[in-house]
Amino acid sequence: MPDITLLETFATPTSTPFVIEHTSDEFTSLCPKTGHPDFGSITLRYGPAPANTDAGKHGCVELKSLKLYYQSFRNEGIFYEAVTNRIRDDLVSLLRPAWLQIVADWRGRGGIRSTIRADHGAVPGHWLGR
Amino acid sequence: MPDITLLETFATPTSTPFVIEHTSDEFTSLCPKTGHPDFGSITLRYGPAPANTDAGKHGCVELKSLKLYYQSFRNEGIFYEAVTNRIRDDLVSLLRPAWLQIVADWRGRGGIRSTIRADHGAVPGHWLGR
Amino acid sequence: MPDITLLETFATPTSTPFVIEHTSDEFTSLCPKTGHPDFGSITLRYGPAPANTDAGKHGCVELKSLKLYYQSFRNEGIFYEAVTNRIRDDLVSLLRPAWLQIVADWRGRGGIRSTIRADHGAVPGHWLGR
Amino acid sequence: MPDITLLETFATPTSTPFVIEHTSDEFTSLCPKTGHPDFGSITLRYGPAPANTDAGKHGCVELKSLKLYYQSFRNEGIFYEAVTNRIRDDLVSLLRPAWLQIVADWRGRGGIRSTIRADHGAVPGHWLGR
Amino acid sequence: MPDITLLETFATPTSTPFVIEHTSDEFTSLCPKTGHPDFGSITLRYGPAPANTDAGKHGCVELKSLKLYYQSFRNEGIFYEAVTNRIRDDLVSLLRPAWLQIVADWRGRGGIRSTIRADHGAVPGHWLGR
Amino acid sequence: MPDITLLETFATPTSTPFVIEHTSDEFTSLCPKTGHPDFGSITLRYGPAPANTDAGKHGCVELKSLKLYYQSFRNEGIFYEAVTNRIRDDLVSLLRPAWLQIVADWRGRGGIRSTIRADHGAVPGHWLGR
Amino acid sequence: MPDITLLETFATPTSTPFVIEHTSDEFTSLCPKTGHPDFGSITLRYGPAPANTDAGKHGCVELKSLKLYYQSFRNEGIFYEAVTNRIRDDLVSLLRPAWLQIVADWRGRGGIRSTIRADHGAVPGHWLGR
Amino acid sequence: MPDITLLETFATPTSTPFVIEHTSDEFTSLCPKTGHPDFGSITLRYGPAPANTDAGKHGCVELKSLKLYYQSFRNEGIFYEAVTNRIRDDLVSLLRPAWLQIVADWRGRGGIRSTIRADHGAVPGHWLGR
Amino acid sequence: MPDITLLETFATPTSTPFVIEHTSDEFTSLCPKTGHPDFGSITLRYGPAPANTDAGKHGCVELKSLKLYYQSFRNEGIFYEAVTNRIRDDLVSLLRPAWLQIVADWRGRGGIRSTIRADHGAVPGHWLGR
Amino acid sequence: MPDITLLETFATPTSTPFVIEHTSDEFTSLCPKTGHPDFGSITLRYGPAPANTDAGKHGCVELKSLKLYYQSFRNEGIFYEAVTNRIRDDLVSLLRPAWLQIVADWRGRGGIRSTIRADHGAVPGHWLGR
């Protein structure tokens, strides 16, 4: 079951804005209708809360814990749209970032490939379409 | 014959704006002039009506029904431009989305590849050229 | 329905062995189980009967007729393996070639891509694995 | 000789703005200096005049006639820049589109590849650099 | 748990030798040491038993059952080498093919990508190294 | 009209066997049926006659003359198969090479790409399938 | 030695703004420190002075003369940054264009690839980053 | 240990703004947690201080010294985020550029690829997302 | 220092011949002349000793230990050729395989990319050139 | 002028046969007819003389000296075929290898790309066609 307690954070190392992007090509969950596995790639992209703020004390997600969190979806029946919104909401509540974006690319079913994108906050314009 | 009654919807899962994109690489219809088949790829991209609106109660198109709807063009004689506008109109009337875009890429005839793009509503600028 | 009478031939232009290869990326038929369309690419590769033989008088398949023949599978429910063997048998009986090979690459169903290869006669070794 | 009378049109099918793009990878003309052939790819991209205008009655170029028009350059000695401007002018006078863009990519001569881009009207910004 | 009873067969449609290849890009199992998921691509390639033999009566594996069989490895802790040999043995005992080859490509762990190849019978030479 | 007198030769520079390959991506001729242009790529591959033989005195084709010879097909109506065999025959009679191969790849008509390969003499086995 | 007198011009063919781009993948000069050759690709991109201006009378650079000018750097010891600025300055003084951009991509030294970009005038924004 | 004294500069060659970009595909450091090596690619992109300013006297980083500086991270245990911010800070203090951007692409650990981007000053908008 | 004691083995799981291939894209050592780092990719390919032999009891190299062994070259000054032969000799003495091949691809120095291939035993012919 | 005295050797490190391949993508010489530069890529591939032979004492070419030797062709007017044969002869006389192959790929002139391949001794069959 998707498990937010797996996620760990570390303090943002600087107060200068910067951008962090992590892409996992090994995401898998189950289709809640058919039980068949879905496979996709999840990109997390965010501007961490600056070091000199409260949120900045836990502003960055630790990489290994992110991997374990993604693995917790492995046997979960959950729709594309719900996966994407769920991950966004979990990470936003954890990191309180300046902005955050989740892009989920699915290998597709029935000959149709899908991409779902969910944003939080003022995502810089040049990333709105990625 | 293209059949809009094949399309099914589900409620938008959130009121936070997000973007859904479905690409089918297996679209085929017939050229109304020559009767020869055309082959193309159709991308549907839209911002679904938010959950907290009337339209949001049927704001997202169900993936399998979309596939069946596309298949209903298989033996239809219809021009490139008409296919694209038809799909846009059908989906807009069904989903009442914040915005919607159809991009149809055709394998081409007589050595000429074609792309037709039809929009509805205020498509975010970074997607206008895709 | 697949229709061999659509196929036309012309005489092999030379008695020196040579090789002809035609690839159609726009093949489609129907799955006999589900009725859903299958999409694939068909490669026909052969050494035509030499000009100085009886078979050589109709040793080469005319390109436009080949296209029409492939189109006649459009609404036929037929398995991958049967398509490949059927095309090989039809063309062998028509052309009586020195050797002939059909390679069918399917876009796949349920996350599995498939390739079926059917040969006739002594296909040169370097092509056995293509 | 380039021949505008080869071009045919059809009425724009809708009053909603949309975009049409046709790319021919098989354009060839002659260098007026050396007589050697040039080879290139021509992209025509335009917003057709809306259906509810006079221009919209002949707002879209018919695909086969476009191919014949391009073929009429085959034995014409004409510079890169002149080809591009000529095609733009011919199509603008024919279609009276909202906007139009021609992009010609040449395989190059003497180790230098060239691209010439000619616009008409208010080309949407995201396409200015393509 | 890997479950051979999921596999179904159908009769080889011809006595002429031909080749069948199925590639699944969505294979996943678990590392028995760490419990972390492994992701890979499995290619099954074989010459089915001819129609005019006993084995040919169940000479071909049914595609959907193959998918379910692969899915049965999803939560199994099993090494790369064991997966490959296990699939080969299961399919050989089921299909009694003229020859058969399994090629497993793994996305890798610790910066090392791996490929394991297991053969049965006289695999045609041009495929020995694929 | 294809014109063999355009071709020039130079003496093979060595008696040690070696291989020369020239690929032109800018070949064009006309379809004799429809008059429409065909576009393709022609590869000439050969082992020149050794320097210490009579044939070796004119064993290599001069590159610029080859280009002019290819250009002489520009307005010729000629089938794929005939182009390939014609070029082979012209070059063999001119160069008397140890072996020679012409591979013509055509951009295709009606959705079908074609490759024609014509050999002369004992083409080394590893090139038989290219 | 880089030699601006090699450059020739021709009159801009129209007063409508358009864009010309020439890319040479065969640029080479010498490193002034080590004497070793550098290899790169130079892109020249500009909006020529309009036909109805004085500058427009020599608004476009002739392609063959551009090639000879680039070749004049062959045995010149000159730094990356200086090459790029030098070419920009030479072409701006010659063509007096509406705007002009030089992008130099170097194959790199010591495992580091470099790109230098120098602009003149109001380069349209969508090209600022290319 | 990362060593800023390795870096050398030279004077900006012009007062006209231009852009310099250096990409090293051979960056490696150590993970401070596990001691295992990390591998990545570092892109440095900046607008050098103009020649007619004080900063412009040492406005450009010398390429070989940059390589040595990058090599000084080889046996340093340092996190992704810290590497990126450290390089930015070192180069900004050295070059005092108009603007500067560091983009670090990491081959990834545990199936997750990462990109970290750190900016200084008013980075032109079209590069904000690279 | 390269350290063979890091390598661990496990028993070959079957007596049927099969092939194992591991590719590390993250190999680095030092040039013994200049001290600068070299970067490359190492492919290990082998037929393990069969299970029913003495050698088969330690016939396969454990993946994580292989990674640590490769890492032990990190600060070693060693030539391309020596790296390749050293790895082959170490693994042959450890695994006593039926055959084994090491292919090392180096990113290159001074504009020259290099590949070194060292074999042991009767490497199957189709792999001799990889 | 091409200068063989630039080449240096080192002793073959082992008596076990292995293969060395060096590819330079930065080769340039001049066309003896037109004086224009030619650009190409040169691959040297050889089996060095074994360590336990006289020839093995200078069986391998030193990489930096090879680069300088290639650079000595920079301002030499020399035909494609002559470059290839010259390099082969120089390296064979220097290294006395078991076998050796030179493959020269030229960017082409007049729209025709060329590859010249010259061998020495018994080149293993799988490389004859590369």
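For reference, chains read A, B, C, D, E, F, G, H, I and J in written order, and residue numbers begin at 1 within each chain.
FYI, contacts are C-beta pairs under 8 Å (C-beta built on N, C-alpha and C of every residue); 3 or more make two chains touch, one makes a residue touch a chain.
Just so you know, these numbers come straight off a predicted model, no measurement behind them.
When the C-beta pairs in contact are tallied for D-F and for D-G, the bigger tally goes to D-G.
Simply put, chain C must spin 145° to overlay its Cα atoms on chain I, rounded in steps of 5. If you match contact pairs by residue number, over half of those in A-E turn up again in just one of G-J, E-I or D-G, and that pair is G-J. With each centre defined as the average position of its C-alpha atoms, the distance from chain F to chain H rounds to 52 Å.
Centres computed as Cα averages put chain F at a distance of 38 Å from chain G. Chain A and chain H have CA centres that are 27 Å apart. Remark: chain A and chain C have CA centroids separated by 47 Å (rounded to whole angstrom). Those residues of chain B in touch with two or more other chains are numbered 25-26, 36, 39, 107, 110-111, 126. Residue ranges on chain I touching chain E, taken from their complex, read 13-14, 16-26, 60, 63-64, 66-67, 124, 126-127, 130. On chain A, the positions that touch chain E within their shared complex are 25-26, 28, 36-37, 39, 71, 74-75, 107.
By the touch criterion stated above, chain C contacts chain E in their complex at residues 79, 81-82, 84-85, 108-120, 125-126, 128-129.
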